[in-house]
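Got some structures for you, see below.
First subunit A sits with subunit B, and in the next complex the same chain sits with subunit C.
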Partner chain A sequence: MGQYILKRILISIIVVFLVTVFVFALIHMLPGDPARLYLGFEASEADVQEMRVKMNLDKPWHVQYYLWMNDVFHGDLGDSLLYRRPNLDIFKERIPRTVSIGIPALLISVPIALIFGIICAIKRGKWIDNLLTFFITLGMGTPVFWVSILAIYIFAMWLKLLPIQGYVSPADNFNQYLYKATLPVLCMATHMIAGVARNTRTYMLETLNQDYIRTHRAFGISERKITAKYALKNALIPVVTVLGFQVRVIIGGSLLIEQVFNIPGLGTLLVLAVNNRDYILIQNCVLMIASFTVLVSLIVDILYGYIDPRIRLSRR
Partner chain B sequence: MGNRLLEVNNLKLSFFTVSGEVKAVDDISYHVDEQEVIAIVGESGCGKSVSQMTVMQLIQMPPGKILGGEVLYKGKDLLKYGPRSNEMRMIRGAEISMIFQEPMTSLNPVFTVGDQLREIIMVHKKVSKKEAWDLGIQALKSVEIPDAETRMKNYPFEMSGGMRQRVLIAMSVACDSKLIIADEPTTALDVTTQAQVTDLLMSLVKKMKTSLVIVTHNLGLVTRYAERIYVMYAGKFVESGTTEDLITNPKHPYTAGLLSSVPKITGEKQEKLKPIEGFPPSLIDLPPHCAFLPRCPYATDECAYGPYPPMRIVGDNNHMCACYNCIGGQ
Partner chain C sequence: MNKYVAEKTIEERKQEKKQRSLNATREMIRVFFGRGLYAKICFGIVVAFILVAIFCPLLTPYSPYEQSLKDQFQTPNAKHWLGTDQLGRDLLTRLMYGARISLVTGLVSSLWGAFLGVTLGLIAGYSRGFAQHFIMRCVDAQLSIPSIIFTMILIPIFGATILGVGFVIGLSSIPGYARNIYAQVLSLREQDYVTAAHLVGQKKYKILIRHLLPNVFPIIIISFTVSVGAAIMAEAGLAYLGVGLNPPLPAWGSMVSEGYKYLTIYPHLAMYPGFCLMLLIISLSIVGDGLRDALDPKLRGKL
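Our next item is the complex of A and B:
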């Protein structure tokens, strides 16, 4: 197991390294001069040139990459060109907002999705399976921003139960947070439930058809115990991977949901940074998101080993 | 020979699929007495495994459907209980146990052998977790697994195929079943392991005074151990009788064909094996006449026009055969 984890960590580090290279290359291939954008179009050519030197843009690309990495390793994520303040401070401000939408959505969706998936698998072909599968397919097929707009229309504009948009931090006013975050959280959760439930159903059905389930039955183990214990543990192994994906969906979903509900989180920040060609912000934001994603994958891999003895014991 | 333990009468099971009704088990009757070893022999796909899964009620329904018959175990009709009933559940593993063909996939990969064995014991016996664990160790010892205490904590993937089949045998004897159904118990194993596992199974059956049904296509295996044989073809029994009668005096052309396709150590060197020509029929849309007709060297016009020949007594010791032109007359 130790060797297995070590190997996963090494792979993760390589992945993060490759991501930095790709992001760096991609951003530096974009047209437009960041120094000119920073100073505005009225600035003189000499000032721009001076700025280019200050921003290290005159140096060869590998030196620039080295300088960026050097800063990162010293805990300096640079200053945003757009906000003209340290990126780290911006992140510290925005990450909790994205998390305060994403984590509740994840916590709501996972148990519901698992239960839906298991019910569908056990009651395969019955009306309850057909009904749930219909909604699951619908949920997977509809884009999250469309669901959000529909939800705003129904719950905010029509029923006037919840606000159209806005955000309050739970630390500032918890009741206001609940009031404003309910819709975005539910919209994100709907999307996640669909994905996890469908996968749970598929893997559960696959597991219930295995020979060893027949063995359990042939020796008188009750259906309930077979489903809840012996089949579930097998079906959960691939589902854990899907859950790992869901954590990534928080980031992807936040790009859209935060736009629709006007939440000043990480998603809105990234969109703003790209629109304003704030390359330092984009670069570090992507680095951060990539590292986070890789970290989640790493955790999933380790969890995998914990659930599946074939992985845990094979590289003892 | 003891009392009648299991009696199956006119059992019929079909699978209803998109391409039609598959008559996998078509009106079969057989019985097993206490401490008796019988065998059901036939080619792949003739319905022999399905017939045994039907007795255990382990067939998925739908697509499967029992169309008739009764399965009397100690005089009670198991089919009346239904596959999901508690009564049936308590019979599986405690009264009738089944050993499956695929030891590699028949054990749950993410639970230890001990966990799985203990669970079975705790379903059928009122014992504590600790006692069940100790009984599990004993069961593993009874199937001659060395170092049983450590093996209990192993996962199936840490064991070989032969070892896993031993574990499955241990499961079937752990709760003192009266009847063990062994469905091709050694097919997936290599030849030396096959002999070991079979010998082990037979000695356990003798020691524990259990009845045994061996389902196999391996006639060599059967003639060594079984007291009576049922030969199955296309969902029906075509011949049954004591092993000696069947081997020395086969009545059905199919049984004769099977016997001449088995290599004999005592045979002459140049003797060629005679395969049965053709293939077994698909179990969908079976003809009304004898299903073996297209492959039968003894077929007459009567076979093609007559209905399916019924099983009838053709010799001593209840030797039965379903054929119009039994070999050796009658």
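Our next item is the complex of A and C:
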């Protein structure tokens, strides 16, 4: 187990290193000049040149990469060109908002998705499987921004149950938060239920076709006991990796959902930064998000190896 | 002595082979259309969208760009079947041209993504050592950046045109292809026929192209149908955010985004493009499911 964990950690470090190289290369391929952007279009050429020196843009790229990494390891994520403030402060302000939508969505969607997937697999081919599979297909094929707009149209404009847009932090006013965050959380959850349920169904069906399940049936063990005691445990192992993947889905979905519901979170920040070419913010924000997803998949991998010894032995 | 063994002429054998492949094709078509009414309707919808996308200039007398402010916000009527938008442009015309944009970006990006992803997956799966690990770690690295963020950053580099956006979405679909192909090749390379080809001294690239590529072909086709839908969805998301194809191009995503502003008074502006998007993506995914079952029954429910 120790060796397995060590190897996983090493691989994660390599992946994060590759991410830094990717992000660095991407940002440096972007058209435009950060120094000119920072000073505005009226600034003189000499000032811009001075700024370029100050921002280390005149140095060769490997030196720039080293300086960036040096800053990151010292906890300095640079200043935003757009907000003229340290990026770290902006992130600290924005992350809780995205999390306050993402975590409830995760908590709602996972149990529902698991139940849907298991019901579909057990009742394969029956009307309930067909119905749920239909909804899963519907959920998979509907862009998340379109789900949100439909939800706004139905629940906010037509039934007038919930507000159209806006956000209140749960720390400030919990009731208002519940009132305003319900729709975005539900939209995010619908988006996630479909994917997880589909995977759960597949894994469960695969498990139910295994020889040992047939043996249990031959022994006359009741179908209920087979599913609850033997099949479920084995089917849920691969689902763990799917759950790890949901972090990416949440972050990707937050870009669209926050835009529709006008929530000032990390997603809207990134869209704003890309539209305004806030290079330093994009660079560090993407690095932060990517490192986080790598960390989550590391944890999932270790968990996976812990639950299923076959994995940690085969991947040595 | 050979009295009882019917000698087959070359001609007969050819005939038999032809018949067999014809039977296989028939069986494939039977499975593909044998999934009930549901799948047939979806196939019809996809075909309809493709036909509309090809022939849209012939189907409508209007241009998708021509504005006429006196015709703003018309509700459906005899002249404009689905009404007009905030700039007086015919909504149905814009929807038709939007189908063209969606399908072209979906197709371009999937072809390009499939080419790169399959190549990388084949190389990573077949070569041992550095190349294998390097490619797969790069794929992991790309996968750790959510694809919408990845594409959003790349679009300014390649330009917010249909080709540029298709190219970038294609890049973002590499990990999916590469991982599927990689896993498949990893198990295929242990097969006896690969070892045999190796032993008779065939070159590595020849083994890759002659023996491994045909065997992963069903997976390529299936990943392809999945990725066309995903690419259309990605393109719409980017257009919605305003970082992809920009107005006045009639991309469905930006039409939804513009219509959203008028949702309270003129909901049809956002509703029609949104429903088109949903209809096309869902139909594509159901057609993809049918294709998967028809091509390779073993894969049912796996990809």
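In this section, the second predicted complex is superposed on the first by the 310 of 316 C-alpha atoms of A that agree within 3 Å, B and C clash if a C-alpha of one lies under 4 Å from a C-alpha of the other, contacts with A are read in each partner's own complex, and residues count from 1 in each chain.
The working rule: a contact is a pair of C-beta atoms (placed from the backbone, for glycine too) under 8 Å apart; a residue touches a chain by one contact, two chains touch by 3 or more.
Because the structure is a prediction, the values reported are computed rather than measured.
Trainee: Between subunit B and subunit C, positioned on subunit A by superposition, is the outcome a clash or a fit?
Mentor: fit
Trainee: Pick one for A:Leu138: touches subunit B only (first), subunit C only (second), both, or neither.
Mentor: second
Trainee: In the overlay, answer first, second, both or neither for which of subunit B and subunit C A:Gly2 touches.
Mentor: Touch partners of A:Gly2: none, neither subunit B nor subunit C.
Trainee: With the two complexes superposed on chain A, say which partner A:Pro60 touches: subunit B (first), subunit C (second), both, or neither.
Mentor: neither
Trainee: With both complexes overlaid on chain A, does A:Pro31 touch subunit B (first), subunit C (second), both or neither?
Mentor: Touch status of A:Pro31: second partner only.
Trainee: Using the superposed model, give me the angle at subunit A's CA centre between the CA centres of subunit B and subunit C, as a multiple of 10 °.
Mentor: An angle of 70 degrees, rounded.
Trainee: Give the label of whichever partner, subunit B or subunit C, reaches more residues of subunit A.
Mentor: When the residues of subunit A touched by each partner are counted, C comes out ahead.
Trainee: So, does A:Gly40 touch the first partner subunit B, the second partner subunit C, both, or neither?
Mentor: neither
Trainee: Should A:Gly75 be classified as contacting the first partner (subunit B), the second (subunit C), both, or neither?
Mentor: neither
Trainee: Just checking: does A:Pro309 make contact with subunit B only, subunit C only, both, or neither of them? Give me first, second, both or neither.
Mentor: first
Trainee: State the minimum pairwise Cα distance, in Å, between subunit B and subunit C in the overlaid complexes.
Mentor: It is 10 Å, taken between the nearest C-alpha atoms.
Trainee: Sort out for me which residues of subunit A touch subunit B in the complex.
Mentor: Interface residues on subunit A, with respect to subunit B: 210-223, 225, 230, 233-234, 237, 307-310, 313.
Trainee: Looking at the complex, which residues from subunit C come into contact with subunit A?
Mentor: Residues of subunit C touching subunit A: 137-138, 140-149, 152-154, 156-157, 229, 233, 236-237, 240-243, 253, 256, 260, 263-264, 267, 270-271, 274, 277-278, 281-282, 284-286, 301-302.
Trainee: Okay, in this complex, where on subunit B does subunit A touch?
Mentor: 56, 58, 84, 89-94, 97-98, 100, 102, 105-112, 116, 119-120, 123-124, 155, 157-158, 168, 171-172
Trainee: What residues of subunit A sit close enough to touch subunit C in their complex?
Mentor: That would be residues 11, 14-16, 18-19, 22-23, 26-27, 29-31, 137-138, 140-146, 149-150, 152-153, 157, 201-202, 205-206, 248-249, 251-252, 255-256, 259-260, 270-271, 274-275, 277, 282, 286, 289-291, 293-294, 297 of subunit A.
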